[in-house]
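Down below is the structure, laid out as structure tokens.
In this document, chain identifiers A, B, C, D and E correspond to the written order of the chains, with residue numbering beginning at 1 in each.
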């Protein structure tokens, strides 16, 4: 919970900061914290990914982009009222929704009893892969992963299409 | 040789012929003689199919019909020829021939540009008119109603100059708007209320159990939704459309468009509401007033017009409302009158327009005040004009007399004194705005200096030919009214 | 930056370890945290580091652009190909059970699953690595103007 | 129906439907030669309708198809679930994709630099793949994944427009689209937390048993908002006009025909099949709100469209207003209305595609995009403009064209609900359509050709042909509506049943 | 007391919600495109928590099966959310990369990455049309 509070603090920092460089670095820190939280939540694979992606790749990319553009953010012109309304609206909707959610850490919630438990139960007999996450990722829900790979592929080609310089300088 | 075909095949043939003709015209657009030959041949063929073949069948009591094609959700594309439709179909296909002859003379005489599109759209419009005439249900009718609107839009904007475009805009938007916003909902309302949109003798709404108010509202949606009937206040597209060349005006006023309008009104009243049901429900009383008002008001406006075609236009508006009025009287006789007036007004009004066009072609005159003594230079034209005018006023020996006679009889029968007053009054008005023209043309001396008015003779031969034919038709309908009469009586008898 | 000896030496020392660690993560994915995606990112990171320190040109000499751009689709091809092979061997799409022996006994099905997961992870690895590198090249190729 | 080595490929159509475009895209990316990539695209995108039609036939004949990915029975594995509704949409999307693909090459060659074409086609196929995946899948999270596949591809396609404003359009679309997708994920997350399942059918079975409905309501709300962003429901449409206006012509035609429709389908699926009408429209305020939005969506953008100077943008605004019609059909909550809504998805897809293809022809041969410059095009490019007019009439809803059919259903649906004010709104917005279409028609046909419109570049055969195929289709489906209204009617019935009470088996 | 425990039980949800709101706020309010994208990142990342939190079982261990192969009485946290979030993260970074690429191009084309400035330019061009 301390970590979570810390996260909140960093977020505020990100919103306030004008220097984009600082923002990016803060975002990296944010991702690391997030990763730690995930470890606490037993999501080690996710934590690893978040660390490598959120803190690693994203930061590098953002810095690269910054290198190509500008480092300082201009003063916002228009009022912050509308965004505030939007954000608060979303928040209210969520509080309304989450209030009915089962409490933290319970084992007998529908989510933890239905399919999830199923995986743990059947996984080893069917795949002999101890890491349930891997087996679910690659086999049970392999198609999601295929889609995910497709997303990467699309993004990669997309970035190349947009940024790549060809000899003729297209 | 087409006698061997069944009714359904004949209907399809009648609808297809003008379309094929349109293609042929478009194909032969380069060679004008060939093109106009195609036009005439198509018109002739259509005439053979509709008048010479289908008409006898209908008169013999047959009701040729096509097997319905389901379009969607129980809505069908169906054609059935009942007497009223036959009447309208006959009028349209007959006058098409005359009008084509006339157009050839007129278009060449005035060296109009873009003649090929003109003939193409014309043929398509005829096909649309026939589709309306033969429609077996409201959906089919609506379909061809829009075909007619769209195919005549290029004709109205034929001159393609600014005011042509402006009036074309009025024409399209008014007709489309009324049909889309009023007619379509009315049709769907009918579908929801009655469960069908087929035309059935005696009406389909009798069982729907609508309140009088709802019925009146629906009738209003129909009347004003059918903008082509030009009941005030949805009339002003008609004067606006005057910018078009005369053959187009003839098409609008006599052959297809406005006739399609009033035809639809009568058809809806007879086959959707049902005369008796409407009469008992008393939902149509307001219509008598509305139509009567239109008749008088339009005549009064016509009185103040100096432009010949404009005056004719307003006269058309008032004459159309005769039909609506007669239909609103809801007595058998007046219904017959309404039906017959469709035919009578068609021939006489086309004569008048032909005459106006002939004057324009020969002398390039458009204003009534310029017509002094023109009767001596163009005896045929003005003679025909006189006959047409007489028919408009409703004097024997012309077709207009008969239909008016029936209307009055119907009004008397239904003891509808409003209608009777209106008819008599408007007759007086008609006389007031037509007779002066004739007087000018024949009895006033032509203007002195010939520099302003160079000597000119009759219009081109085809023009004179056409208007003579229609003039004779106007008289013939008085002496031999069998066909329209029997058709309209057939309409009133429950099959 | 290019002239900094210490950086270059340390980098030269580190990069191999990074790559090896990446492979470890890849292959150990079955038993511990890790898998194609994380491994791909790590390996890519190695190359990126190399490019940052020794310059893009040096990096492209080691890992040429055309190769990277060919590998991006190749990974998807492997993954989707395995799926199709699942059909060919009589199962559904992405069915690994009879990847090795068809029709499989229960153990052979497990064997097939192993192979399937392995190949699929390879596919992910290839695409992710090459995409990351390609994106980095693309950004780097865009000089400031 | 080819049976090779004992493998019945027909069983695997659902998988192939998505796998083939993906593999095709991969092939394009490997080849990277414009011409060959186009051939691949053509082959794949024409194979798609075949798949889809076979499945539609299968579904109509033998009911819902369920395909377990990796042979893992749902809900453990990912399920592909094909019924009337999405089979119909698959057909629609794939056919449009195929036609646009056949139309594309010269127009693309005109607008995209040669060395980028290979990748352009890759993106095109990935967009197609994503859309098909979204449509066919029966798994809530899988929808999200493929939504992202298609979205990313579309951002790129839009960003490739020649005008630099295309970049901004793409960026705004990216931001809004991502927010939309994330909202969707949040909604799914809430539902997932309450049900523990991601399989749509499974969720539908579990939901009724949940006693605490609040998270589910919230989830519904989030999914609703997220999809509304994606399908550009007024007033969440701000990304759409620029995106359509500046993307390459072919891409615009494809997007306009397919993207919003699929989002609408997903919404329909959630509202009707999964949550069920009683739940989704349970609170009395819901239906009026949605109807109100739909009506505003039908009116306001139409008015805006009347005042546009750029023809593409005008059509884009009209698209927004047409979305209003579809939402209206969904919110009417009776069979007729829903049929109208689905039928309008189909009809508007072909209509708007045809319009954009025609505009594409104009852009190709004259480079004109402003309405004033289109003066006299009716004379210099009569065929193209004729097709434009036909599609325009259909957009207005003239009888005999496809647009009329769906409008008829919608009005009838409203009438059956006794909501006459809706009838008024529908006809009024059709009126507005008359205005903005009529404007172009008048300019194009009744003005002397401007120098820009004079002597246009001669148009490639395939562009003409495809544009006219579309126009012909519009007329055909205006009267012959087994597919365009018959299947939607079946689908509507099926959807109104919902899945919760064991329907859709 | 009951309420208190409820609050405690939902504390992490609320932080999550706060993060999400912050993310949305950044996206909508900030005109700088890079910051917008980072805001998007925040937004998505916080969603991950929404998925992971309910999957955590107190006293549970990461879903990497021990010798009991998941049949014993060892409590494992729910693996399914982890898988989903892995995918989500990947999608997120893909989007980010694409967005940044677009920003770079926009910067080259317009010479600024402030959205409102760019939009102003765009409007001017629209009117120039």
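Operating definition for what follows: a contact is a pair of C-beta atoms (placed from the backbone, for glycine too) under 8 Å apart; a residue touches a chain by one contact, two chains touch by 3 or more.
All of these numbers come straight from a predicted model, not from anything done at the bench.
**Q** Determine the set of chains touching subunit B that also touch subunit D.
**A** Expected: no chain.
**Q** What are the chains that subunit B and subunit E both touch?
**A** Looking at subunit E and subunit B together, the chains touching each of them are D.
**Q** Farthest chain from subunit C, going by mean C-alpha coordinates, please.
**A** B
**Q** Would you identify the chain whose Cα-based centre sits farthest away from the centre of subunit D?
**A** With centres defined by C-alpha atoms, farthest from subunit D sits B.
**Q** Of the pairs A-D and C-E, which shows more C-beta pairs in contact?
**A** Most C-beta pairs in contact, of the two: A-D.
**Q** Could you work out how far the Cα centre of subunit B sits from that of subunit C, in whole Å?
**A** Taking the mean C-alpha position of each chain, the two centres sit 79 Å apart.
**Q** Give, as an integer number of Å, the spacing between the C-alpha centres of subunit D and subunit C.
**A** Computed value for the inter-centroid distance: 35 Å.
**Q** Let me have the rounded angstrom distance from the C-alpha centre of subunit D over to the C-alpha centre of subunit E, please.
**A** That gives a centre separation of 28 Å.
**Q** Would you kindly tell me how far, in whole Å, the mean C-alpha position of subunit E lies from that of subunit A?
**A** Subunit A and subunit E have C-alpha centres separated by 4 Å.
**Q** Residues of subunit B that touch two or more other chains: which are they?
**A** Expected reply: no residues.
**Q** If I count partner chains per residue in subunit A, which residues reach a count of at least 2?
**A** 44-45, 49, 53, 57, 61, 64-65, 68, 94, 98-99, 101-102, 109, 111-112, 115-116, 119, 130-131, 133, 137, 139, 141-148, 150-160, 162-163
**Q** At which residue positions does subunit C touch at least two other chains?
**A** Residue numbers touching two or more other chains: 31-33, 37, 69, 72-73, 76, 80, 83, 93-94, 96, 135, 138-139, 142.
**Q** Name the touching chain pairs, would you?
**A** According to the stated criterion, the contacting chain pairs are A-C, A-D, A-E, B-D, C-D, C-E, D-E.
**Q** Which residues, counting only subunit E, touch subunit C once they are in their complex?
**A** It is residues 62, 64, 86, 90, 97, 100-101, 104, 108 of subunit E that touch subunit C.
**Q** Which residues of subunit E touch subunit A in the complex?
**A** Those in contact with subunit A are residues 5-6, 8-32, 34-35, 37-38, 41-42, 45, 48-49, 52-58, 60-66, 69-71, 75-87, 89-98, 100-105, 107, 112-114, 116-117.
**Q** Taking the complex as given, what residues does subunit C use to touch subunit A?
**A** These residues of subunit C touch subunit A: 25, 29-35, 37-38, 41-42, 44-45, 48, 69, 72-73, 75-76, 79-80, 83, 93-94, 96, 109-110, 113-114, 116-117, 120-121, 123-124, 127-128, 130-132, 134-136, 138-142, 144.
**Q** Residues of subunit D touching subunit B in their complex?
**A** Those in contact with subunit B are residues 336, 339, 393, 396-400, 405, 408-409, 411-412, 415-416, 423-424, 427-428, 430-431, 434-435, 438, 442, 445-446, 479-481, 484-486, 489.
**Q** Touching residues of subunit A toward subunit E in the complex: what are they?
**A** Against subunit E, subunit A makes touches at 1, 4-5, 7-8, 11-12, 14-15, 20, 23-24, 27, 30-31, 34, 37-38, 40-46, 49-50, 53-54, 57-58, 61-62, 64-66, 68-70, 73-74, 76-78, 80, 82-84, 86-88, 90-91, 94-95, 98-99, 101-107, 109, 111-112, 115-117, 119-121, 123-125, 130-133, 136-137, 141, 144-145, 147-148, 151-152, 154-156, 158-159, 162-163.
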